[in-house]
Amino acid sequence: MFFASDNAGPAHPKVMEALIAANDGYAMGYGADPIMDTVRTQIRDVFEAPEAAVYLIINGTAANSVLLASMTQPWQTVFCTECAHIHEDECNAPEFYTQAKLTLVPTANGKMAPDALRTKILGEENRGVHGPQRGPLSITQVTEKGTIYTLDEIQALTATAREFGMQTHLDGARFANALTALDCTPAEMTWKVGVDTVSFGGTKNGALGVEACVIFDPKIAWEFELRRKRGGHLLSKHRYLSAQMQAYLADDLWLDMARSANARCAQLAQGLRQHNAAKIIFEPQANMIFFQMPRREHKRVLDGGAIYYVMNGDPATGDPEEPLIGRLVCDWSMTEEGVSQFLDLLRV
Amino acid sequence: MFFASDNAGPAHPKVMEALIAANDGYAMGYGADPIMDTVRTQIRDVFEAPEAAVYLIINGTAANSVLLASMTQPWQTVFCTECAHIHEDECNAPEFYTQAKLTLVPTANGKMAPDALRTKILGEENRGVHGPQRGPLSITQVTEKGTIYTLDEIQALTATAREFGMQTHLDGARFANALTALDCTPAEMTWKVGVDTVSFGGTKNGALGVEACVIFDPKIAWEFELRRKRGGHLLSKHRYLSAQMQAYLADDLWLDMARSANARCAQLAQGLRQHNAAKIIFEPQANMIFFQMPRREHKRVLDGGAIYYVMNGDPATGDPEEPLIGRLVCDWSMTEEGVSQFLDLLRV
Amino acid sequence: MFFASDNAGPAHPKVMEALIAANDGYAMGYGADPIMDTVRTQIRDVFEAPEAAVYLIINGTAANSVLLASMTQPWQTVFCTECAHIHEDECNAPEFYTQAKLTLVPTANGKMAPDALRTKILGEENRGVHGPQRGPLSITQVTEKGTIYTLDEIQALTATAREFGMQTHLDGARFANALTALDCTPAEMTWKVGVDTVSFGGTKNGALGVEACVIFDPKIAWEFELRRKRGGHLLSKHRYLSAQMQAYLADDLWLDMARSANARCAQLAQGLRQHNAAKIIFEPQANMIFFQMPRREHKRVLDGGAIYYVMNGDPATGDPEEPLIGRLVCDWSMTEEGVSQFLDLLRV
Amino acid sequence: MFFASDNAGPAHPKVMEALIAANDGYAMGYGADPIMDTVRTQIRDVFEAPEAAVYLIINGTAANSVLLASMTQPWQTVFCTECAHIHEDECNAPEFYTQAKLTLVPTANGKMAPDALRTKILGEENRGVHGPQRGPLSITQVTEKGTIYTLDEIQALTATAREFGMQTHLDGARFANALTALDCTPAEMTWKVGVDTVSFGGTKNGALGVEACVIFDPKIAWEFELRRKRGGHLLSKHRYLSAQMQAYLADDLWLDMARSANARCAQLAQGLRQHNAAKIIFEPQANMIFFQMPRREHKRVLDGGAIYYVMNGDPATGDPEEPLIGRLVCDWSMTEEGVSQFLDLLRV
């Protein structure tokens, strides 16, 4: 009954097998390993982007930060939602790498609306040299609230950005979960709707720790390489990143894992809806649910062995009737039985 | 016959087994995994430093940069040798993290002499607010030239630094190779001779990618944690770092691997000394040899299948008699037969 | 009829005379000039703060940035209002100097409410190492909307900050205007109500270009000096900064100038209130007024020779009845006749 | 007898008069003042560079730092001499603004030799992504040792830089002194011999505090403007910078002042050569002399009222016969009598 995070589950056995297979003899370091050649081709094929520059990096914070730094000047501002991971959960890493600032666009459900974006863009930089200049847009798919942008919604955002000469970065820490939920292709969810760069997540979906940075217009590729190295993010024994990503993509393993996580989440949502005390907050569309429940109920379920985060208060002390928000995340390894056990506990 | 780098060899099977063992069920992320508790104890025991703060990070550049940033103010300068990895091989990562500069101390053989250090210290900051202020000393053990500081030499350098209120960082990317060569304890090679922080390498000696950052005075520990996160270097699935380090330290595996690499290097050195055309440049004391040989001889050996770097020229084109410098590095997995094969090729 | 900004007027003749008087013979540079000794004493006397560290710098952006950098760690966030000069008008200079980020507190009238501050403080850093840490509070007095905090209001804000271990910076680009409006002492408006550092403006109030940075707790003084130098903000011929500030403070010149500017603003406000088409937005308390008026009226007045900024639209084109916001600022040199002339034009 | 620095003398009366003349009524801020239009034209005329971008800034550290930042990427290294002001006297400001590092080229007399530059260029960046990349060259004219590059020497250096795709910055804190010594035109000393940007000094030569940043290829002009603002170096009451520079350039005042300073230095050199105990170190070519003399002689002269820096020891204590190096700098206001008085004191 572990629903605290999708970065707490194990790596998929096939990923681990690939690591072992890669651990044979000598291999040139720093991305010159032959497995990386395979990975580059895999990613380009998956994205239908034969010119794309492809790099591997150990986690989402690094992927986001180095990509954004390669797209942003220090006197600019990056547009993202108020709840964006790059704003809330990276301890100023994006600011460190970009040397710029973030402009926060309000959001009701984790998703940015084009009008809200436009308002903020127009609000910034009407001051010539005095204010920050417009940098890129960064959106998250699956959002931090478990919601998903439709392709049209992404298109509308990138079009708004492009109208002001801005590029778009997509934080895809849960890319696979969104993709399988939308049942579209990676190209359709990215460059075909105006996305310029992608943090393509593996870590939360069955890898040990690997993300691909995908740059559709390779003219910033060399800058990215230098920034990655300068951030200490170029691995010498790079083959162990390559091997993870190679196995992740092979035989649609990544899609299978995401589908499984999403299915468990749907099962959870269905159960929660049948529970009087619980109320789902945002329409869960991928592998993450936010729900409201009285403190006493949270306490009871947590005491019963469930593991998840209560976001806005201590479940143990305070008014037992006060509604608190819990977050449930399913990873690829969550079983149908695990979910059922949780729902049984919830229902009692 | 792969002598290009000790970061090109495989991880030790026991390290890989530990990874597999760690890949079971859920584990809290970001360093809160139970294996990390074990590792912390192991490192503190190994260093006889029960108060030390211990963190894991993916590579040497990150270890050096985040440690130095936690020891340095942006208006200071870090003292290191002209050939220090932090100066030559990290694409300004130390400058990025510290926001400071480096002062280069001349060196004949990779080792810094206390007098040369003192001269540079006195040369910097005689200018009040106008010049850079004195920051920490950073030394490398094994040095980038394959030489090793004696304990007395380290003591003399840290004493010089301390005289000016400066702390000392030790870049121990090849810590184990130095330790086994000196046949001393980790405490003797570090805090007992005045070292304040250590980048304790695992990657070059049989891990996939892990270094421990050891901070003897824990008062900068929280700053280190924030800087690590802000650099994108805190891993969510941290258990895979922990597992590597746990296995690396268990049953003296790390020492056995280093001894093996050093022994192969000694075997190489002995063979080179019997070869008329080759001349060893620095006394090799660990697992790395720099040697001089005419271009034609390099070409012949490389064409014969040996793999190593020629540092100062293209072995394929130019005056065949011109002496060029080659670098040979033995990793833990290098076999006696591999070395013999190379020496046979050399000898013809 | 120049109401565009208080940084567009001339310097006071007495300030200019002091410059000329200072331009005699040789003087040690970089703050070692004897006039600076006088200034230091003047500021300490004015603030009743005999221990305060006092430095001069050329403008408000530099004063704010170097002070905040000396109070903030790169992994922290500075709390300020949505309309703070440090957020809107300094092209990321505070981010450049602090390497941190800003958290924007909503405001209705330029003033921050303690509850709004508390909400933001509690919103940040509930995430341990993952989110930004709490840095200092920065408030502006006079605010960017022409309003003024009462002493109690400042006290309430600094108390809220202090509750969370945070210090407070006061951006006093219009310090004198606020002080004379409140009719209190500098000590009462700063350290007696919990302010730790002050950007004490001279430029907008009759100097050529000088601000004092006042640090009540001198333990960050040396860091400030190094950061000032590192930012390129230590002037070699420092006496010309000193002379400005010396004359500015002598014989209460600074207070007289601020009183005059405030009086002209009050005269303006009175006139505007008698004009049917104009509506004052925020209660003007110092030397700045924001007022709403139909576009056609703005156009008429501007065409008539008045100079001021229309904040939210082009006065020349668009619906003539659309209400637009104008900003009127009075500097020390604005005359009663100048204001009357403007009001006559307005009334027609 | 004040020879400590050329930044300790007064501003020229004509510069002061221009300040007073500029202090009349309102003027738009931030460089939009009409005097700046005049200055832009003056500088373009002086440099025969009608397309050049021209900006004013308060001092040499800021001029150098913002210009270099506009020419350098954070992963590059700037090539300069070991004694460059940007290395020794700016407390890491160039590193702060560029986020890059400096590579120090050895020098015997303050001047960089093309071969020494080439050696350092080839030494850096033979390491692909691992090492710093090649950034611009920065040379100082007059050098920090009082020597002057011939036009051919500058040409040889910029040609070497250009061979590797590098641009050249000229730190001209003493530009006028060099120009009049060489008796050439500004164009001949800059873009005609391959210089791309110039810090054109006014402060050390009779201004209160102003330098022009001259950018021959205006494509980095907008970046420069943003970086200047972000560094807090855009002055609101900009007219007081403009007025200084306008007067400085008018009627060749700048050249007259430099010629006078150089003439006084020549007078000094002639006198020193006739003194047995004193030995001039570098051939003084502009307004600065380094000379060696026994400690007892320095002590005697300083006690007699002369003011200058002794660079490498305390003149008051130590072996009286030990030779110490003194530095004598003449500013525009130094009189023939002042020099004679010093020489008389020296001779006794």
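Labels A, B, C and D are assigned to the chains in the order they are written; within every chain, residues are numbered from 1.
What we mean here is this: a contact is a pair of C-beta atoms (placed from the backbone, for glycine too) under 8 Å apart; a residue touches a chain by one contact, two chains touch by 3 or more.
By chain, with names taken from UniProt: A, B, C, D = Beta-eliminating lyase-related protein.
Quick caveat, the model's predicted, so the values are computed rather than measured.
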item	value
Relative to chain B, chain with the most remote C-alpha centre	C
Chain pair with more C-beta contacts, A-C versus A-D	A-C
Distance from chain D to chain A - Cα centre to Cα centre, in angstrom	51
Chain C and chain D, separation of their C-alpha mean positions in angstrom	34
Intercentroid distance (Cα basis), chain C paired with chain A, Å	41
Shared interface positions of chain C, touching two or more other chains	74-75, 90-92, 96, 99, 129-130, 133, 226, 229-230, 234
Residue ranges of chain D touching chain B (in the complex, touch as defined)	74-77, 88-92, 95-96, 99-102, 104, 127, 129-133
Contact set on chain A toward chain D in their complex	30, 73-75, 99, 129-130, 133, 223, 225-227, 229-230, 234
Chain D residues within the chain C interface of the complex	2, 4-5, 7-11, 13, 16, 19-20, 23-29, 58-62, 65-66, 90-93, 96-97, 203-204, 208-209, 226, 229-237, 240, 307
